[in-house]
Amino acid sequence: MITFDNVTKRYPGSHEALTNVSFTINQGELVYVTGHSGAGKSTLLKLMAAIERPTTGTVLINNQNVSKLKSGTLPYVRRKFGLVFQDHKLLYDRNCYHNVALPLSINGITGQDAGKRIRAALDKVRLLDKEKAMPITLSGGEQQRLAIARAVVSRPSILIADEPTGNLDKVYAADILQLFNAFQQVGVTVIIATHDALGNSQNEHVSSKILHLNQGRLVKAEVAV
Amino acid sequence: MKSWLTQHSQALKLVLSRFKANLLNTLFICLAIGVTLALPSIMYTVLSSLSGLANNVKSESQISVFLSADQAVDTATAIKAALEKNAEVKSFKFVAKEDALKQLETATANNNVLSSLEQNPLPDAFFITPKNLDAASIESLKNDLAKLEGIEEVVVDGAWIKRLNYLILIGQKAMVIITSLLGFALVAVIGNTIRMQILTQQAEIEVSQLIGATKSFIRRPFLYLGALYGLIGGLFALFITYAVISVFNQSLNTLSREYQTDFSINLPDITSGSVVCLLSLVVGLVSAYFAVSKSLFKNIN
Amino acid sequence: MKSWLTQHSQALKLVLSRFKANLLNTLFICLAIGVTLALPSIMYTVLSSLSGLANNVKSESQISVFLSADQAVDTATAIKAALEKNAEVKSFKFVAKEDALKQLETATANNNVLSSLEQNPLPDAFFITPKNLDAASIESLKNDLAKLEGIEEVVVDGAWIKRLNYLILIGQKAMVIITSLLGFALVAVIGNTIRMQILTQQAEIEVSQLIGATKSFIRRPFLYLGALYGLIGGLFALFITYAVISVFNQSLNTLSREYQTDFSINLPDITSGSVVCLLSLVVGLVSAYFAVSKSLFKNIN
Amino acid sequence: MITFDNVTKRYPGSHEALTNVSFTINQGELVYVTGHSGAGKSTLLKLMAAIERPTTGTVLINNQNVSKLKSGTLPYVRRKFGLVFQDHKLLYDRNCYHNVALPLSINGITGQDAGKRIRAALDKVRLLDKEKAMPITLSGGEQQRLAIARAVVSRPSILIADEPTGNLDKVYAADILQLFNAFQQVGVTVIIATHDALGNSQNEHVSSKILHLNQGRLVKAEVAV
């Protein structure tokens, strides 16, 4: 599904954020990307989601080489992903409902059908009562959950979440991980970057893969059961 | 087809709801566009009215034919008949020497000066408007007329035509300069406004691109916005043009009475009104397109 | 005092570095301001040159004194002496009847028409420029002159003054309308630009307020920005005015030769140039102040 | 130093974020504000820093009633605080150095003296090598550390940090908490909002106060030694 072959990423005017990374993620896997701050987790996720392009090496998504995609087809590749950004990237000029509506409207889904799906997504992150609130009036954790609702509303086949529980307390974090597990259960590939490496006891019964990064190098890729 | 319609109505709805949310701001911007657009529109209206007047004056009389003094009345009649037959003559006017003297009295604004004249020094005259105004036709007409009997002199009023043409030329030159300056200002105003809108929407544009919006999807609302600004600005411009010219015409009326002429500037008709609106709509659309393309895709591959 | 200086130089430095970073954009905006400002400046320059011309014409001759026909030469000399003594007379010109006839010939543009005159029908005349141009002084001067011996008639050239004044009035009316329209556009352009800048800097403003910046600290760079936009815009306006009027004058020259007059529009001098720059600087400053105050403190208590 | 007396905060169009909260924080204390997502931690911190005003009740800072401050004196009160915002609030149009320079330039400190202090602050959060980088090019954790550098650069007498380690791995988090402890040691009042209530073993030797919030109510205010 997603294959990295000898990928190196160097940002202009910076040292290498990723060095010679190779791995494969199969359809329906649950993958944790771990590592210290600045190790390259977000960079790895951005390369997977076709937001950045590798400096050298190849990134294959569904056997398509991301570097060789035409800019016209890029949007359609990106629609396969549900993305939770580390900095949320919410839109502060519209309420929660319309924030979640954005991916649907981009996919051309409007009207009643859209309304149902948006409310279902908000309900999953327990924000249904904040439907009409503006994101700026939400607490940090509420904003993070809103970002998650937006990522899942379009029922993506790949879910990529960058530190989705950094601002959440244990109870909510468990909740969200439950949600991700549920997605994995129905065949969605779930990729999560996190700094508190697998400290969540709730996940012990789910088989998952760990990609551990250290200063841009893939140190170990192990499967925990 | 249906999805195409949905997309467009969605974009339009978005723009209209934003219009409503910032109504005062929007009106302010449209007014600025209207003002900028009103000036060339006023200029054009005034100039086209003036050049209509100039055409009138121009065709009033270009060739004067003076008969030799002490001519019998039937000479004038013969010349009249000859002029009526000549295809090159559009119209002509006969002024008898008595009338000419009266006119001279009026022109010098002093009835007493010439009242002491014992003998009328002025000749009978024909004032002729030629059909074709180009130099060659006028020259050949002049030669034809000079051949007629009993004619003292044929004078072509060339200097006057030259001067008038020159004045109109200057007016047009001024209009070209002012219009291009203002056209530039217009593009700058609309373009800046759209860029401001883009700045406000920068986050939305970025996020939309990241989660798979196509370029045309992002561009669409801004194009509608530009077109709407242009259209409303154009309507404001028309309104301002109407108001300014109406006020102007009132002043002109008083002056015209003073001059015993009946001149007023024509208000723009429906055709030129729609041309103004259409033009400003297009300017708005084009400025929006460039502003979007410039601001939109600079950081994202 | 020292901290005051530091604060201001800091703000100015910030603005200048941003100017440099967005040089093209900045120039574009200044050019738009310059264009908007250039039009009233051109209008004003042309109108002030014209009204200078009008004043010339106005003061050329307002009272014509015609002597009775067949007057002895010493009557004219006596009148001349009386006019020289009269304090109300600014200047006068004597036109003998022979010269008047020649002028009439030139005016009717036909040498032959009047050549057959056996006797000169025109009188000797004095053309007088009064010192005071108000209606009362002119009336009393007219009465004084009428009392002199050997005078047939005194004519006050009232209609001409009335018309000319009316024309100038219309010109001024047009300038007031256009200037106020453009003034409005100018405020809109500068204000919008500053608001755009504020939008870009919104995060900085918010954070600065949260960590203890005073309002004047935040406002300062925007005021400098507005003033700089105004100043540079004003300089552009001056440049455009110079260029346009120079081009215009070239056209006018050809026309003037045609009319045998020597009229050209004066280029703005240093005084009016600095007035334009100062004015646009102030407009920039004021627009900036309002834009900042409007955008700055809306969400934060 | 900071006294809350029966403070209630209700945002317009929202239920009560804080209800009847009373407590006192003394000069030089280290205080943790804990509670689940949406409990009102950030609201409490904003009231302390004179960013929001209480709906009812009084907030005293150095015996000044915040509600009665004139808007002209507000900036000078705020300069006493060093603030780490939950959403960082970095300025993305200038590099790291100039981000940290902002509080100093507001205080009128420029030139060489400022330069030294800025570099010292960046060094404390281990970002000295990123001095010239733009914040947008920093990883999530690096941005968080930059925000901390900005908060401490002006040597405030009160340090208020909202989830300062949410995006940091254990090693960096311990680092930052060390930094805060150091500030407390020299007499600075330090107030930290966090959702992982005192899970940090490093702090066990430091005496600290905990304000635990639940749905806007102060449930317990205890002193841990």
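Every chain is named by a letter (A, B, C and D) in the order it is written, and numbering of its residues begins at 1.
By definition in this document, a residue touches a chain if its C-beta (ideal position, glycine included) is under 8 Å from a C-beta of that chain, and two chains touch if they have at least 3 such contacts.
This is a predicted model, so every value here is computed, not measured.
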- Computing the C-alpha centre of each chain, which chain sits at the greatest distance from subunit D? B
- Distance between the centres, which are taken as Cα means, of subunit D and subunit C, whole angstrom: 62
- Query: If you average the CA atoms of subunit B and of subunit D, how many Å lie between those two points?
  - Reply: 67
- Task: Provide the C-alpha centroid distance between subunit A and subunit D, rounded to the nearest whole angstrom.
- Result: 29
- Note the residues in subunit D that touch 2 or more other chains, in rising order. none
- Message: Touching at least two other chains at once: which residues of subunit C meet that condition?
- Response: 200
- Task: Have a look at which chains touch which and call the overall pattern line, ring, star, complete or other.
- Result: ring
- Query: Which pairs of chains touch one another in this structure?
  - Reply: A-B, A-D, B-C, C-D
- Contact footprint of subunit C on subunit D as seen in their complex: 49, 51, 53, 71-72, 75-79, 81, 83, 85, 89, 91-93, 102-103, 105-108, 110
- Can you name the residues of subunit A that touch subunit D in the complex? 11, 13-14, 35-38, 41-42, 86-87, 133, 137, 139-143, 145, 162-163, 166-172, 195-196
- Message: Per the contact definition, I'd like the list of subunit B residues that touch subunit C in the complex.
- Response: 28-29, 31-32, 35-36, 38-39, 66, 69, 104, 108-110, 112-114, 116-119, 121-123, 152-153, 155, 159, 162-163, 166-167, 169-170, 173-174, 177-178, 181-182, 184-185, 188-189, 192-193, 195-196, 199-200, 240, 244, 247-248, 251-252, 254-255, 258-259
- Interface residues, subunit C side, partner subunit D - complex: 3, 6-7, 10, 200-201, 203-204, 206-215, 217, 301
